Amino acid sequence: MPYVNIKITREGGTTPQQKAKLIKGVSELLLEVLNKPLNATFIVIDEVELEDWGVGGLPVEEYRKQAGEKS
Amino acid sequence: MPYVNIKITREGGTTPQQKAKLIKGVSELLLEVLNKPLNATFIVIDEVELEDWGVGGLPVEEYRKQAGEKS
Amino acid sequence: MPYVNIKITREGGTTPQQKAKLIKGVSELLLEVLNKPLNATFIVIDEVELEDWGVGGLPVEEYRKQAGEKS
Amino acid sequence: MPYVNIKITREGGTTPQQKAKLIKGVSELLLEVLNKPLNATFIVIDEVELEDWGVGGLPVEEYRKQAGEKS
Amino acid sequence: MPYVNIKITREGGTTPQQKAKLIKGVSELLLEVLNKPLNATFIVIDEVELEDWGVGGLPVEEYRKQAGEKS
Amino acid sequence: MPYVNIKITREGGTTPQQKAKLIKGVSELLLEVLNKPLNATFIVIDEVELEDWGVGGLPVEEYRKQAGEKS
């Protein structure tokens, strides 16, 4: 019965294969740890535009620029 | 004061009229069951891309293929 | 495959029967409008403490006091 | 550690600068009120299509038309 | 930067250790698949009362009773 | 029409007055930046138990212990 929502920034490269890996990995983790059946587990992935994600009081791109590294 | 979020898969056919029916139906249900005024009830519908929705440890399209039926 | 989240204020009286009516009503609405199978529809109800719900820039109890009516 | 999700209607005009103001303002508010460090606060903004937002039992555009004012 | 929300039913037995395994597993999965740094990944677990979770148009306990198996 | 959800860890001290400040501050910010009327803005605060919040692949208390500072 679990419902899992994964929010990630849209960085122009997250492939359907990577999303499938996330879906598989999270579902199997819930099966392994809490014995939740795979077919009763919903996973929803949201890709969020960079301008819509803030951290450090800044839009993430600006935050990364100031932090001088791709976090 | 209720806030209701409805997440559905984007299957290329959910019309504005169908969304209006969902908004009307859920709002009236909350009025009928819990006496929540219509104008104090927010409904937000999210359409989720098929590759972003997982069930059975698989992206939903793959799950449906394996399950051999349109669920 | 729909996932529906219903957030309502905790007003000390929402009964399991009322919640069952909300679950039934929303699920049947999704079946009727979008042909979503009942057993592939998740509904999650969140009851939110009054001090945790704001409207009009105020906690809801204060808002209602000022608005002079139970909204 | 706070996570804040801001859902607003997509009205065709919310600029990156306005979003940056929301991110800055909410983050600084959490720092000021609860002493939450800026770099440990995530803000995610969701713009919702008008047909996907309901109030008063109606899609918001229809609601506004009937209410005769841009709410 | 990911934010992951895991909603599970409160079945009276999910231990802090199991929750720690979910947090570890999901965070490491995001690191492995999308190279997301552990310390920039937030995980929030919500335990939902059984009467607040619906599936098949029924509260989950009733659904399980009718389905005759612990799903 | 905005809906804002603020998730914070339950640290045993967030007072109703602090929550009222958050509600007031976020609502006024949305009025100022996007001209959203106060009485059409919903704010919902969720306090999350420490064992239910993960960062750095760890439950937040363990993360803070290892990081040697209250983040």
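To keep things simple, chains are lettered A, B, C, D, E and F as they appear, and every chain counts its residues starting from 1.
We adopt the following convention: contacts are C-beta pairs under 8 Å (C-beta built on N, C-alpha and C of every residue); 3 or more make two chains touch, one makes a residue touch a chain.
Keep in mind that what you see is a predicted model, and the values were worked out from it rather than measured.
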Centroid spacing, where centroids are CA-atom means, of chain A and chain D in whole angstrom: 21
Separation of mean Cα positions, chain E and chain D [Å, integer]: 27
Centre distance in Å when chain A and chain E are each reduced to the mean of their C-alpha atoms: 15
Numbers and ranges of chain C residues touching at least 2 other chains: 1, 3, 7, 22, 26, 42, 44, 53, 55
Contact graph of the chains (line, ring, star, complete, other): other
Touching pairs among all chains present in the structure: A-B, A-C, A-D, A-E, B-C, B-D, B-F, C-E, C-F, D-E, D-F, E-F
Interfacial residue positions of chain E with respect to chain D in the complex: 1, 3, 42, 44
Chain C-touching residues of chain E, taken from the complex the two chains share: 7, 48, 51-59, 62-63
Residue numbers on chain C that touch chain E, as the complex places them: 16, 19-20, 22-24, 26-28, 31, 38-39, 41-47
Residues of chain C defined as touching chain B within the complex: 1-9, 14, 18, 21-22, 25-26, 29-30, 33-34, 36-37, 40, 53, 55, 60, 71
